[in-house]
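Going by the order they are written in, the chains are A, B and C; count residues from 1 in each one.
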């Protein structure tokens, strides 16, 4: 089936474009680091307090960084007309949406994972929790991209789309935040994290199968 | 059956029938509210532990039930609007959102008022209140998205998708918040203990719940009628009404 | 092949733009949509593309409603709208390769398509270095790469000089001669030669 070819071609296209504008890739990362840095400045540098807050703070910062980068999934395509071409493709739109979201995650989500240990260090997160942090971000950040894509698709045609996007998407992010932060928290107290991981995995499976359809429908509505 | 749907889903018929039903529905609401309030404030007993302040449950719980019910109603009319493109369904969807938001807000405020004498704080991160707060954001999102899109039919379709996505997420959010709550509050019970439901309390509660549902239906019909007139202002049946 | 519309209606911002619109176009035929700005020309084309649903009426391709055909319909058509639909960060060739993968390729090779729109030699040039006219021609090259029978063109002559306009007219005429179909809007007077042209004036 040429579906596979279309999927790969589209993902490759987005990755190529991101690579050619690679200075922009650093923005969500810098934001991530800066937000985490603000917390000690705000609540004081007491190590025990910071270590306690660390799981939640890192997760909230990751969430905000993901939110910030969401616009890039569809807005540039909307502005140069390639989004229309996507919806008019001979291949099913949900498949193409999935390709774009995968590429987007590789560009914006995966780097967060790579920087997370540094931030855990800033906040004094115990070593034992590092693995849980990476694992929870690995499972959770793709869900953020997948669910966020629906919000972007709904607001891409709007002038002030960015502001509404946060309002639409943040309530939907709450479950991922709860279980992601909880996993890291539990790990830092040497408690088991299997339940949280399974649930995050379930979220990912659910999001990967359902959100592309909703996103595709939303795109067609925004473009009409 | 489709002819029936298209007949009653047609704007002029909807307008006419809702106009005839409304006075009766308001009358019924007044009766139910009176009965419910009598039961809530006078005939039902105060709680053993919580005293008189438990009476707020007669507003808080029906309001919370309504906030959920209206969201589901919104999602269902959104689905109908999306699949069958029936104008009245679009209008029901739009008109319900502010009413649902209002009930959610009411649930939050009454929850807060209930909490103050109990826990001494105006806000606690109880599972139900937290879920209601997130539900309020979901409602505000629907209202904001609809306001931001200029073309009304496109706006209705976009909001339908949002409502459907929201309705799927609500159980997930509810489950997550419950789990979060049990995790962080093991010993002290900040969960609002629903007083054990004696029949003397259950009846006024259900009556109030029914009264609130009726309030929703009535205000929905009134708003929908107004919206219909505005949308179809250039269409014949509206012009005939005006003359 | 046949593209037909029956009883089409379009409402925007509570205003009815057009209603009861009928048309039928066969192979070798062209639909030329005319009318002042704001009469719904672009909207009608977007309906034909399947991006926008008509508020009433039906659009049929070979007798079947295009919305039930879904992305199958899109294998038969190609669209060039107001915006170019090309990525500035990619080279001309990369752009066409993506269009290839997204559509139904096979009509012309990428090299041949670029040559036809007089962009030969620009394969490895990033589109952000092109002029507006060159970008438009690249967008039109998309049509040549795909095997779509129906071309939907919204103001294809924008940003083009006299030579560019002539090129587009040639491409359209060739497409019709090969048995394709066209749906075009334009402010300019379009010379489609011997084609079977159905003029639809939305201002009326």
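Just so we're on the same page, a contact is a pair of C-beta atoms (placed from the backbone, for glycine too) under 8 Å apart; a residue touches a chain by one contact, two chains touch by 3 or more.
Keep in mind that this is a model prediction, so the values were computed, not measured.
Enquirer: What is the set of chains touching both chain B and chain C?
Expert: Both-contact set = A.
Enquirer: By mean C-alpha coordinates, which chain is most distant from chain A?
Expert: C
Enquirer: Give me the ID of the chain with the smallest distance between its Cα centroid and the all-protein Cα centroid.
Expert: Taking the mean of C-alpha atoms per chain, the most central one is A.
Enquirer: Determine the centre-to-centre distance between chain B and chain C, using the mean Cα coordinates as centres, and give it in whole Å.
Expert: The answer is 47 Å.
Enquirer: As a quick test, compute the distance in whole Å between the mean CA positions of chain A and chain B.
Expert: 32
Enquirer: Just the number, please: Cα centre separation of chain A and chain C in whole Å.
Expert: 36
Enquirer: What are the residues of chain A that contact at least two other chains?
Expert: 224 - these are the residues of chain A that touch more than one other chain.
Enquirer: For chain C, jot down the residues that touch at least 2 other chains.
Expert: 53 - these are the residues of chain C that touch more than one other chain.
Enquirer: Please list all residues of chain B that touch 2 or more other chains.
Expert: Touching at least two other chains: none.
Enquirer: So in the complex, the part of chain B that touches chain C is made up of which residues?
Expert: 85, 150-153, 231, 233-234
Enquirer: Give every residue of chain A touching chain B within the complex, in rising order.
Expert: Per the stated touch rule, the residues are 150, 154-155, 157-158, 160-161, 164, 167-168, 170-172, 174-175, 178-179, 182, 203, 210, 214, 217-218, 221-222, 224.
Enquirer: State the interface residues of chain C toward chain B in the complex, per the touch definition above.
Expert: 11-16, 53, 55
Enquirer: For chain B, which residues are in contact with chain A within the complex?
Expert: Those in contact with chain A are residues 82, 134, 137-138, 140-141, 144-145, 148-149, 154, 157-158, 161-162, 164-166, 168-169, 172-173, 175-177, 179-180, 183.
Enquirer: Using the touch rule from the top, collect the residues of chain C that touch chain A in their complex.
Expert: 46, 49-53, 70-71, 74-75, 77-79, 81-90, 94, 97-104, 142
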